[in-house]
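Both of the next two complexes hold subunit A, though its partner changes from subunit B to subunit C.
And then the complex of A and B:
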């Protein structure tokens, strides 16, 4: 077997651009999915049944269907059925954001519900409004509690961005699969991309473990 | 917008077979992931520091590399490296199983460490070997305690099986793509596929929760 690793080093620019796109997708999606998840969590805790039901349906649906199919759906169905034309990157961010928002909302909801009822009562007894109690007392504690879970979601999001390769977003997986097809150096290119993902992802996984240890809830 | 679900009814057998492949693929990869996970989780907990470090490296590697990359590597690069032929279904089961196994391993490890140390000491004092104690006393409790995470990992296995469409395993998403391409009805076909996946995943998640509620007392000590 003759291996030519040149193909990897000669095309470092392609890998770098792909990796940057992967990072961009991860950061942008998380930046949108944190408020998105919080909003969905509030909607699920709303006093109105219809609002609760709609939010629950959204969350359960996005959690119980494959992300790959969701991306396809956004990519093929929005233009065909509703005449909405989005470029590939926007489509990717939209699909990923809906998915991650659904997961984040469950995390936030669990965090909010984990704060004891007495704290609500105490806040209300002091004359605070419901919004004030939520914003100043419950939410800050809830967010700190769910930080480890959010960190885990971050790493799965980082990995899941590889799936938008199927709609030709030029991130790390897509550029590597294309380079594989163009150069025919299949083993070298695919091993290189695995190593690059490993170099990027391994420290993140370790960081998540550290966050889990550092902010573990001890009651 | 006009809708036409006729292509779905015309190709019902084609789609049913695809659904069967999806179920087969998810079950096989979950089985492999379960076996790998139990072995890895147990060895990491009781196998000493070196084994723990080595298997920890495997687990963290799988946590760092996307399934798509593992899958594509298994299907395209592995055969070149070892000069063997791997069909797409086998590559998918192995890649999904190894990926899932890392997560199952972590769940099992958490379950095993949650069983109090005194139980192991008690078993050893009764003259059981360590393997016997793990197999008959500690692991069963760990498995019951870890039912909820294992159930959600099973739904993840079902969802992730869709990624095998990339290497042309004839599962539900792949065949939906084929059909959508032939009939130009992406809306009807992808939406229906979405509902089918939902109907597969949702009962598994709720089912394991219900099972856990019935069995939880067996795992508490």
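And then the complex of A and C:
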């Protein structure tokens, strides 16, 4: 087989730009989806039924439908139905953020519910408000407990950003597929992009494992 | 309020969980400086009453007043009362993500808005008082059960409470560490702290309590000084309960028991 790896090396700049866009999408989405997920989790734990119901509908919609479809939907339905025209990158971030917020909210909710009632009672017995108990006692423990779950969402997100290639966001997958189409070097280009994803993704997963070991709360 | 007025007064407190009646009209008064021990079989309502006294549980009927304030009037009343009422739990419930020092300072800094310096000084003094000055920097998981419970006592004392509630503070402890916790509690009682103690430690109740309250099936069946409760209980159920625990009054005065 005649392999021509120079198609990869000659176009390093395209791969770099694509990788930077992938990292940008991942970081931006997670930066929005962590507070978004937390907010949804609080809404789902609200004492008000209507609030709980609305948040549950949001979460279950985004968890139970394909991300690909959600991105398409935001890109095509929002402009057609509501006259809201967003550029491709904003659309990508919006779609990804809604989806990841839904998953994060379930993670946070599980973490918060896993903290036993006695911890609440201990905080309340000191005269703390419910908000203080949540912020100072329950949430810090809950977050540490669900850090591994958040980390796997992060790693999934890093790879799932490739789905926004369908709306022509120039991230790593999109630029690679285009280069493949232009150069016809399918094996070289796709192998290179797989290697780049792995080189970027694996250290992230390891880093989070380390953070978890380092800061784990022992009971 | 006069010196003789009760600091804590529960009247006809009722509490049910579904069909189970946990408290069936319980009244209790506690005076300043008094140590009251609540004893009785498991499930008789002692711990439930304790949680009603600082509004961790809502009551279904009756009232609880602390320093003249109705505890169950609203969330703000409950919070104001809890600042003045410390609580120690069976399972310690230290905050595992905080160091021992921060476990003790978190109440003063968040609730009393005390500065870190003042809170640290207060916590350090209290940790010394419970014999754990050298453990300030470690996390609770590194401590034995008895040490954890002593930190929990220091945590409650850091709020400078007017009254302390103890919910079976030694029930989750290894036998060899029970004594160190009881010694701290005895020291508190000797200092004049007002205490309500749910306990299965009959020897502690006999030696430290001013009054002993016997619970059975959600009711108070007998109240009296320890001498009466342990040497000459009026209620048959009290006698049954004590003998079930293996308490026959032999460590006090066999003569009285034989006369009966």
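Details
Convention: the second predicted complex is superposed on the first by the 204 of 219 C-alpha atoms of A that agree within 3 Å, B and C clash if a C-alpha of one lies under 4 Å from a C-alpha of the other, contacts with A are read in each partner's own complex, and residues count from 1 in each chain.
Please note the rule applied: a contact is a pair of C-beta atoms (placed from the backbone, for glycine too) under 8 Å apart; a residue touches a chain by one contact, two chains touch by 3 or more.
Worth saying up front: this structure is predicted, and the values here are computed from it rather than measured.
Among subunit B and subunit C, the chain that touches a larger number of residues in subunit A is B. In the superposed model, A:101 lies in contact with neither subunit B nor subunit C.
By the touch criterion stated above, A:29 is placed in contact with neither subunit B nor subunit C. In the superposed model, A:124 makes contact with subunit C only, not with subunit B. Legend: residue contacts after superposition of the two complexes on their common chain; A:137 is shown touching subunit C, with no touch to subunit B. Once the two complexes are overlaid on chain A, none of the subunit A residues touched by subunit B in the first is touched by subunit C in the second.
By the touch criterion stated above, subunit A contacts subunit C in their complex at residues 118-119, 121-129, 132, 136-137, 140-141, 144, 217-219. Subunit B meets subunit A in the complex at residues 1, 60-61, 63-70, 72-73, 76-77, 80-81, 155, 158-163, 165-166, 173, 177, 180, 186-187, 190-191, 193-194, 197-198, 201-202, 205.
Across the complex, subunit A meets subunit B through its residues 1, 60-61, 64-70, 72-73, 76-77, 80-82, 155, 159-163, 165-166, 173, 177, 180, 186-187, 190-191, 193-194, 197-198, 200-202, 204-206.
On subunit C, the positions that touch subunit A within their shared complex are 51, 54, 56, 79-80, 82-83, 85-87, 89, 91, 93-97, 106-107, 110-111, 139-141, 152, 155-156, 159.
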